[in-house]
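Letters A, B, C and D mark the chains in the order given here, with residues in each chain numbered from 1 onward.
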Amino acid sequence: MPKNRLEAFSDGIFAFAATLLILNLAVDQTRPLGPQLLAIWPSYAAYAVSFITIGIIGANHHTVMNQIAHIDRFFSMVTVMFLMFIAFIPFPTRLLALDIETPDATAAALAYGITLTGTAVLFNVLWRYAASGGRLLRADASKRVVAGISRSYALGPATYAAATLVALVSPQASAAMYAAIALFYILESSIFVRA
Amino acid sequence: MPKNRLEAFSDGIFAFAATLLILNLAVDQTRPLGPQLLAIWPSYAAYAVSFITIGIIGANHHTVMNQIAHIDRFFSMVTVMFLMFIAFIPFPTRLLALDIETPDATAAALAYGITLTGTAVLFNVLWRYAASGGRLLRADASKRVVAGISRSYALGPATYAAATLVALVSPQASAAMYAAIALFYILESSIFVRA
Amino acid sequence: MPKNRLEAFSDGIFAFAATLLILNLAVDQTRPLGPQLLAIWPSYAAYAVSFITIGIIGANHHTVMNQIAHIDRFFSMVTVMFLMFIAFIPFPTRLLALDIETPDATAAALAYGITLTGTAVLFNVLWRYAASGGRLLRADASKRVVAGISRSYALGPATYAAATLVALVSPQASAAMYAAIALFYILESSIFVRA
Amino acid sequence: MPKNRLEAFSDGIFAFAATLLILNLAVDQTRPLGPQLLAIWPSYAAYAVSFITIGIIGANHHTVMNQIAHIDRFFSMVTVMFLMFIAFIPFPTRLLALDIETPDATAAALAYGITLTGTAVLFNVLWRYAASGGRLLRADASKRVVAGISRSYALGPATYAAATLVALVSPQASAAMYAAIALFYILESSIFVRA
C-alpha cells in the first residue's frame, strides 16, 4: 500500500470520527428546549474534549508520517487497529456525556479512559515499530526529532492510564483529567509558537 | 503537520458535516406521508441554509489556505477548534428546523446564531494569526488580496452576532437573516462573475 | 478555490452520501429476523439503485472536471448546490424503501423523482456554464467530447422528470424506471468497453 | 474518470463504512451501565472483525490499484458495485452483534456471510478484468506479483462461502470463522515482515 493512500484512509477516519461526535447531542422534543440546552453542558464538554483529542492525535499522526519514508504491511495493520480505536471514541464519549452526573459515571469514565489508553498504546507501537533501528524512517530524519517524538509519545499511555484509574475513585476528577490533557496540548502549542 | 494534510482533514470535516445534515430530516411512518413532506418545509430550508453556509465557509477557507505558504502548530490547533464549530452546525440546524414554529424557536435560533458567530470568530482568529505581519503567508501574496480578505471576513462575526440578537425579539426574523446571509453570498458570487 | 480542493470536497460528499444510505436499513429486534430480511427487499433495491446512481453521477462529475482547466466562484457555488441535492438523496431513498408497498408510495416516488430531477438540472447548469464558449474548459478540450457530454447530459432532467410524472399514475412503475435508468448506465458501460 | 479520483472515492467509502460501524454500539440508558458494557461484548467483537476486515480489503484494494496503469468505465462500474457491498457491511455487522446469542443468529450469520462473499466475488471480478491479458496493468507490472495476487484473491469467495454455509449448522462457529479469517490476515502480515 503506498504511503499516501494510508494517509488518505487515516485522514478520512480522523475527520469522520470527529464529525460523528455531533450525533451524540440530542434533546427531548417533548420538553422545553432552553433549559435542556443549558442542562446538557456535559455533552458540549465531552464533544469538545473528544474533538480536540482526535484533532491532536491526528496532528501527531501527521508528524509521525512526515518522518516516514515508506510503509510495510505490518505498519499498515497496526495503523488499522490504531484507527479502530480512534473510530471507537464517539461511543464512550456519549456514555461520559450522558452519565457524568449519574451512578453510571464510573463505568462511563472507565470506558472512555480504556479507549484512550488503548489508542495511546497502539500509537506508540506504531511509532516504535517505524523508528526502531530507523526501520521505516526517511534517510534524512533528524535523530533529535525522532528521539523527541519517542520521549513525548511515551507519556501518553501512562497519562491516560492514570486518568483511567482515577475514575475508580472519582469519575468527575477522571473526566477533568481527560479535559486537562487536551487543554494542555492546546496551551503547549500556543506557548511553543510564542516562545 | 504538512499543509496538504490539514487541508485534507478540513475538506473531510466540511464534506461530512454538510452530508450529516440529511440525518435531521425525518417523518413519522405512522402518519400519511404527503402532508408531512409539505409540513416539514422548515427542515428543507434549514438543510439548504446550513449546507450552503458550510459550502461558503469551505470556499473561503480554500481562499485563505491559498494565500498561506506554511502552517505551524498554533494555526493547526485554531483550525481544529474552528472545525469543531463547523462539525457542530448539524445540531442547532436540527433544533431550528424542528422548533421554528414552536415556543422553543427563540432558544433554537439563539443556539444556531451562537454556533455561527463562534465559527466566524474562530475563522477571523485563524486568518489574522496567519496574515498578521505576513506570518504564514506566501512570499508572493498580494497585499491588496490580503487586505480584501481581512476586510470582508471582519464583517462575519458582527453580522452573525446581530442576527443572533434578533432572535430575542423574533426568532423567525433571525432565521430569515441566516438564510439572507447565505443567499447574499450566492448572489454576490453570481454578480461577481457576470460583472 | 483551487480545482483540486473542490474535487476533494465533491468526492467526500459523493462517498459519504452513498455510505449513509446504509443507515436506511433497519429491522425490528422484537420480531423474527429471517422473514424480515426477506421482507425488506425494497430497502435493498433502493439502496442499490441510489448507490449506483450516486456512483454514476460521481463518475460523470469526474468526466466533467477532467475537461475543465480552472473554476470560478459561480461554478463553485453551483457545485455546492448540486452537491446539496446529492447529499439529499438518502432521505427520499428511505421513503421509497419503506413506502413502496403502502398508500404513501406516490408521495415517496415523487420525492425521489424531484430530488433526482433537481440533481440532473443542476448538473446541466454546472456543465453548460463551464462549457458555454469554452469558459472554463481546458485549451485542448476536444470539441467532439464536449458536444458529446452536452448531448448525453441533456437527457438526464427529461428522463428523471418523466419517471417522476409516472409516479402520479403508478409509483411502482416510477420506481422501476429509476432502477432501469441506473441499470441502463451500468449496461451501457459494459457494452461500451466490449465493443 | 482518472484513476486518482476513483481511489479517492474508494478511500472515502472504506473510511466511512469502517467509521459508521460505531453507530451499531448502543446501551439502554434506563439500565445500569457497567453490566451492559460487559454484556455487549459481541458488539465489540463484531465491530473489531468488520473494521479489520474492511481495513484488510482496503489494503488489498491499494495493492491492486498499485498494479494498474489506467482504468476504464467498466472497471469503474464494477468498483462502484464492489464499494456498494463494502458500504453494506455495517448492516449485517449490527445484526450479528445483536443476535449472536438469540434464535436469530442463523439469519444474522447468513446475512453477514452473504455480504462478505459478494464482496469477495466482486473484488475478484475487478482484479480479473484488470489483469486478464494485462488489460489495465502497468507496463512494468511483475508477472510473479500479478499471479500471486490472482492466486491469493481466488481463495476469498470460497473461504467466505464456506463460513456462510457453516451458519446453517452453527452460527456461532460461522462467526468465529469470520473472526479467524480477519485474525489470519493480521498474523500473516506480522509473520511476513518478521521473516
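Just so it is clear, contacts are C-beta pairs under 8 Å (C-beta built on N, C-alpha and C of every residue); 3 or more make two chains touch, one makes a residue touch a chain.
Computed from a predicted model, the values in this text were never measured in an experiment.
Counting the residue numbers that touch the partner chain, chain A and chain B have less than half of them in common.
Computed from the mean C-alpha positions, the centre of chain B lies at a distance of 36 Å from the centre of chain D.
With centres defined as mean CA coordinates, chain D is found 26 Å away from chain C.
Those residues of chain D in touch with two or more other chains are numbered 8, 12, 16, 20, 23.
Pairs of chains meeting the touch criterion are A-B, A-D, B-C, C-D. Chain contact summary for the complex, chain D toward chain A: residues 7-8, 11-12, 14-16, 18-23, 25, 27, 29, 32-34, 37, 47-48, 51-52, 55-56, 58-59, 62-63, 65-66, 185-186, 189-190, 192-194. Residues of chain C that touch chain B in their complex: 1-2, 5-6, 8-9, 12-13, 16-17, 20, 23, 72-74, 76-77, 80-81, 83-84, 87-88, 90-91, 95, 98-99, 103-104, 106-108, 111.
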